[in-house]
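Two complexes are shown next, each including chain A; its partner changes from chain B in the first to chain C in the second.
Coming up: the complex of A and B.
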């Protein structure tokens, strides 16, 4: 039975903002952006809270000190029901996933977890590298693209999702690292008054973690603005004509038979 | 002179109290009366004890003012519609006659008839039990004032008022039993799975009405018999209807001697009925006679435009137990007479949603009653599965179990229930308090949750970047001043919809052009503006409302302006009524008020349009803030013929978007309120449906499409009419100078 669940989280730019590149075009300009909790981390937190609801496990949310607006995300997690939140410093503020994994691993070596639940990916880590890297650092088993975690004795039963709606169930012995794609239910709402209460109570624990060793990593040479790929084609005509055109399109792409 | 005549006639001008009852009978009567009054007092104490469990409501100043005959002006100020009632409101029964004159008159005579009957009994008690006994003790012989001219005035008043009382009761019984107005039907809006029965509610109504009728009928039979036993002396003509009954008995051949026994029997029947009734009052619908007077004196409709704060307890938001309600809210529950006015006008109920304000109040009443001991004999609903109001005990959620979640979420906070309630029940604040519980536990529509999260991160419900708020000004060929940087006369608080909705941005630009052409000095807060929080607050997300309000108030403080105007009636409401106590007290106008002023002063020149239009009053403008004339003045100035919908002004019908409903799923409704409204307008044979609220443009454009009226009924913001009328040069001044 997991008694201590750690949820490493990340603040990412709110994608509704107009994102601009830095003058040297190797990164996005983060200065005036609003940061929000990575949506997959919100799913991981929800799944952790569901396990807590079922078993009474302790849920600790962990963020990096250098992430902008991370306090807001951590207090929100407390308002939702996390037992405590930790802010790790010592990571030099690198946004590279490998560096972040090393910092989280450093913290987890000092304060080990029975179960690590984190977002399978992030808007700026679509490869989903954090969970496997973290597992590698800690030498723990790892499962990603998970859509359900249920406590099951000294192991967890995990539902992993594949393309085309297929999924399978695994049993993973603890401790383990899990990359969550989606929680069993939509992330719960944290009322602002509860977030404010959490803020007033303070209670973010600052921890200095010495990062583990990082392997070789990549350097960004240049970033590109997204290019408009194709344009929408408006179908005109009456309902029957439009329906016929849609059917033709679907047939043409092999999505419909007959 | 009259008195002289009477004395000369040698007949004692009075009637014998306790005629032929005897000392034993008298003793029995006094014992029964004591029991009856004791039961009444005990029942009232049970109720008062329940209200005392409630939180303070801060209404004693309201009650004192009402008793002094002073009402408090409406929240909007200077709109002539007071927020509170007075003792005069009670005396005139004004609220009951509203919309149904005959009913008002009938109730007026029942109300005053009862008071006269009660006063008559008190007078008799003073004479028989106090004056006669005291005089025997003090001066040695029995003295009485119950004779002569006093008796004549007394008997004439009681007899005629009693007869009006009786006729009114008969009218009420016919209305309820034969005419059966739809709104007196008790079918629930929310259907419990295992069914329900409200037969006992109906029984309670009839027992109340029946008891009163029986008491009155026996009173006249008794009076008739008594006059007969007296031998019908001439002064009994001062008891005209009693005398009439006596004449009838005589016509049927009853002799004065024969009337004696009948009189004694009738006396006991009448006395038993009256004493039963007194004891029955606190346990039945009859309690409304006392409680509704108290409720009206304490009522304050201002609590809907300016909602009360949440329960100030730690670690809790919203209502979870009886003691979370204020005493006024608990009194509200008992005050309901099931008149059904709110049930009839409620847009949620009309749309087929599981909410009826009447049912909500009755459910909460039954639950409150049961959880504090259970005092109502008949007036309660029965359910085989003991759900809803019957669910009592630990773990019962008021919001969720007693009142279903969807029922609470169905409220559009249109305030029509509060508006029409004749007894001063404040439904909306109670609904919001219960919604606060739901928000606190995170139980809500996913779409609402997304909207609230967007509001928390970016300050608008559209989920767009806060920096994009004033992007709509880009289509203008002039600059609107930034009120944070330069002083302006008016600050335009634009609101979310007029800022972010693609379909509405052109309206905002049109208004900017009109105001500029009219020489109005105005500016914006640009990206400093956030959603004003009106609907956030009504959803029950108090913390988020506070956060938005704090941000806006800080921005307003940094800006330089004299007065505010808004495009959005919802923003107007919270800015006008809820921001002042949070530190932002400004004069707040609606843009239609500004337009009316510009048109009437000639600051903008228009040609008459000559359209035949109808106008939809936004709830938050008309009912909440009393602004009904300004848009009509604009239409007049534009030379439009206004054809009113049956539901207009403060009786307007909601579009269905208020109270956060615009962020929630409405697919479960049988007919959207907006569609119901478009159908109302379509029957008028007008070409344009004019609105004065950005949300209305989207709500009614959609409804016109889904009902197939979009080809014949154009939904337009009043701004566009003004813009159209200005687009053509005005007639030369000389041509207008006639007569």
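Coming up: the complex of A and C.
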């Protein structure tokens, strides 16, 4: 039996966009935002596909029905080489990790994975990260901040990273949950034509999951944009004028010859 | 039994308690003083490290071979046992690897709300209030850790370490290792130290640093030309290293190196909190990013929104002549 890898993914606000808050200022206003696949989930998917390339593992990508633009993310994953994609309903569209973990855990209880690979974090995590919460719900061992996963039979060998460039090589028995920091190579590219092909073929499987019990939730008092203690003095002009100003700054501090 | 203390999970190298643990302990002492309780440290591994934790009121020590190096499952088991017995009102952990492993798992298993990416903590009569960074530092959330228990994972450098370093002696509670440590589902195979031999970016007076905005390995050449003209090394933010364009030894930030050059020139780096952790104390920071709203401009001394592909060659020319 090939190893069954499940990759839960999340759509997150594109950070390039201006972020607005809701009128009561306890959440961000998602209505007009553009959403993209969580960048760490893209890394987890790539790592899953690398394991598939090496061992013939089955890769199933799962998203939540209520996530904005989730179809696009799931079809893109299929175009990249995932074997199938599942859209889970049953959650209430909560963006809290604790709620999402309960829904994914509900799905994984019904259709278990040998290995769950997902992003170590998401930009809009507030109450914690998905991999450890999911593992706690499922009673599975888990490791986060992982770069590189190698499957060997009933275990995986992984590298867990620490500050300063140190890392640990661990062997973890399957089933397990791994929070991926970075894949061994940059996420592969899916040509638009293949994404379109996947969309035309359809085939997103919709599954209704009964969520497990949600953990205690956090009370948000308010959200606000940070007030900067200062702001950079902006250097204006064309490239050559700005270059001259930077050169002067360096020269003034004796950091440039001449 | 509710003890209601403020607990810190210590991190260490086996010989030395980490700087970040002192940052947390300093804050734990401040909160404990305000709330009329004690500051406790959970110390896993060598018990003699308790001697370095004079700033704590109590050190709860679990010493077992499975805990000599950090191992997620072993630490989680030990911590669950300690929490069940000590019942702190709040536990503080680093928002680095250890906290990213354990914080969210405890939130489910110990049934406590978690505030992650925390940069400030204040005691109020009814709650500890945490400020957390989300969306790459673009938004701050003020959240309450109200009930009988809570967890906060704290960003490195948020609090001063000196406040946690005390000469006093603390009570050491020797805590029996839980039985689960004998039946772990993971094992440490080897410890990998960072590769040596490359340039030491922490020793450079000036760094030219590139980020996601460089948009491709081939474009590194032009930045390298600038670095060569200045006679300084190239460094990078995480995405450039993850993509394999520069070695890990060049990475600045939370999971890379902390640098403090006389000048830090950054191109195409937006200024995510993880990167700022590694460079914000540079003496002169000059940032180039086409997004005028990029958080880096709140930290940099000088900034420009000129396209880096126009600016870098122009600057290299200025330096050469």
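Following the convention adopted for this analysis, the second predicted complex is superposed on the first by the 223 of 258 C-alpha atoms of A that agree within 3 Å, B and C clash if a C-alpha of one lies under 4 Å from a C-alpha of the other, contacts with A are read in each partner's own complex, and residues count from 1 in each chain.
Definition applied: a contact is a pair of C-beta atoms (placed from the backbone, for glycine too) under 8 Å apart; a residue touches a chain by one contact, two chains touch by 3 or more.
In this text the structure is predicted, and so the values were computed from the model without any measurement.
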Where does A:71 make contact in the superposed view: on chain B (first), on chain C (second), on both, or on neither? neither
For A:34 in the superposed arrangement: first (chain B), second (chain C), both or neither? first
Is A:164 touching anything from chain B or chain C once the two structures are fitted on A? First, second, both or neither. second
In the overlay, answer first, second, both or neither for which of chain B and chain C A:18 touches. both
Have a look and say if chain B or chain C is in touch with more residues of chain A. C
Check the residue A:111 against both partner chains and state whether it touches chain B (first), chain C (second), both, or neither. neither
Applying the document's definition of touch, where does A:83 land relative to chain B and chain C: first, second, both, or neither? neither
Please indicate which partner A:58 is in contact with in the superposed arrangement: first for chain B, second for chain C, both, or neither. neither
Taking the superposition on A as described, I'd like to know which of chain B and chain C A:192 touches: first, second, both or neither. first
Do chain B and chain C touch any of the same residues on chain A, and if so, which? 16, 18, 186
Listed in rising order, the residues of chain B that touch chain A in the complex are 315, 317, 439-440, 442, 444, 446, 449, 452-453, 456-458, 463-468, 541-544, 546-547
Contact residues on chain C for chain A in the complex? 69-73, 96-97, 100-109, 111-117, 129, 132, 134-147, 156, 184-195, 205-206, 230-231, 238, 242-244, 248-249, 251, 254-257, 262-263, 265, 270, 284-287, 291, 293, 295-307, 310-311, 314-315, 317-319
Residue numbers of chain A touching chain C in their complex, please. 13, 15-16, 18-19, 21, 28, 43, 97-98, 101, 120-121, 123-133, 135-137, 141-145, 157, 159-173, 176, 179, 181-183, 185-186, 215-226, 228-240, 242-247, 249-250, 253, 255-257
The residues of chain A that touch chain B in their complex are 14, 16-18, 34, 36, 186, 188-197
